[in-house]
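Would you mind keeping the following structure in view while I ask a few things?
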Amino acid sequence: MSLIKTEALAAALADFANEREWSQFHSPKNLVMALTGEVGELSEIFQWMTEAQSHAAGRDPQTAQHVREELADVLLYLVRLADVLNVDLNAAAIEKLAINAAKYPASKVRGSSEKYNAKKEKR
Amino acid sequence: MSLIKTEALAAALADFANEREWSQFHSPKNLVMALTGEVGELSEIFQWMTEAQSHAAGRDPQTAQHVREELADVLLYLVRLADVLNVDLNAAAIEKLAINAAKYPASKVRGSSEKYNAKKEKR
Amino acid sequence: MSLIKTEALAAALADFANEREWSQFHSPKNLVMALTGEVGELSEIFQWMTEAQSHAAGRDPQTAQHVREELADVLLYLVRLADVLNVDLNAAAIEKLAINAAKYPASKVRGSSEKYNAKKEKR
Amino acid sequence: MSLIKTEALAAALADFANEREWSQFHSPKNLVMALTGEVGELSEIFQWMTEAQSHAAGRDPQTAQHVREELADVLLYLVRLADVLNVDLNAAAIEKLAINAAKYPASKVRGSSEKYNAKKEKR
């Protein structure tokens, strides 16, 4: 099974930053902006695709590689951000899944993105 | 060691979506927009903080919990997006770390965010 | 004809911030994050819509009002950001239109979002 | 006084898209993603700057030109998006200013970004 070893990844990213004396730039605020930049690049890949085309984004090797790198960039900044904030991403994700399951009971929201959105807005 | 079991997480998210008949909404294009929304919420938490305040975001329990949930949301949509695109996030992150190490040699970029940015822009 | 009086709008926003002693928070960096937050909210409105549904977003009065407010928020932060950076948005937009016309000659890119994207990436 | 003639700008953008047969790509959903991409580029410019450096972003001519172009890109997509959604940006901005003035009375929020954020979250 494929695992993301977040602690190992976080340690590799900390080493990477320290070797380049970049830790000084890695405040949570700055890392959120860097994350924004990467999500913006991901958005640019998909912006003119139809939803059907987006499902097939992996077929063209050049697009697939581009997508793969941008997804990695988002993960790397996310892991780095969680690390400097001392958040255990794994535990946080498991907690959030439980919160979401309680917030969106299958019996009430089945098939409806409207209820999905409505619940989101009330948050 | 804390691990993110991406396959387990991806499977849990797929189940979650299927139970609610939400898979129909989870095209890669739509999931990129959902990711954008979550990063926007993260940005709103930090927008008026100084960098120093952002380092201390974990001290206030309410802010810490808010940050924790938004980080989790970003991870959940990222894992779901990678899953529908058949990208192995873990392998992609390791590859990207190697690409970055080659692109930003420590000896050339040490201490400089300008070179960091300049390299980024050329990409 | 409907005009955006940017200078009047920028002045109103500066007064608004000064009356609340919020100018201290309005660094360009912070305003870019605020802009990100607003675009994230706009993204959340449209994330689960099909493209066809997005064209009809104005038909439901509640959604129309929500969209209208988010578009306004994006404009307000953009005008404020341009103001603190001393950029004349109007002149910048006219310049950029000319740059785009030269970069994407109609005869070469007609009907193709791929060329559109390819050009973008080279930027 | 510098004016943004939104109707003239919207008309120029519609002509630009029609000449390139790009109107087919300009659904509101897609344009929100394009806006996200541009805000991401703006974010990348400022991500490693301190707030003080961000105030001086106009001093370096290359950075100033880059910022100017990205601000223009955000405005162009925003005007285009409002146009395809039939929203009068100017009227929407004036309405939103009034809403904000009522929501954030100067006497209650003076000098406090916390109340500013708290109010935002309740929205």
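Labels A, B, C and D are assigned to the chains in the order they are written; within every chain, residues are numbered from 1.
Basically, a residue touches a chain if its C-beta (ideal position, glycine included) is under 8 Å from a C-beta of that chain, and two chains touch if they have at least 3 such contacts.
Everything numeric here is computed off the predicted structure, so don't read it as measured data.
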item: Interface sides of chain A and chain D: same vs different residues, half threshold; value: same
item: Length of the line joining the C-alpha centres of chain A and chain B, rounded to whole Å; value: 3
item: Chain centre separation in whole Å, for chain C relative to chain A (CA means); value: 24
item: Sites on chain D at which at least two other chains make contact; value: 25, 29-30, 32-33, 36, 39, 43-44, 46, 48-51, 113, 116
item: Topology of the chain contact graph, where touching chains are joined (line, ring, star, complete, other); value: complete
item: Complex contact set, residues of chain D against chain C; value: 1-9, 12-13, 16, 19-22, 24-25, 27-30, 32-33, 35-36, 39, 42-43, 46, 49-55, 57-58, 67-69, 71-76, 78-79, 81-82, 84-93, 95-97, 99-101, 104, 106, 109-111, 113, 116
item: Of all residues in chain B, those that touch chain C in their complex; value: 25, 30, 33-34, 36-41, 43-44, 46-48
item: List of chain C residues in touch with chain A within their complex; value: 29, 32-33, 36, 44-45, 48-51, 113, 116-117, 120-121
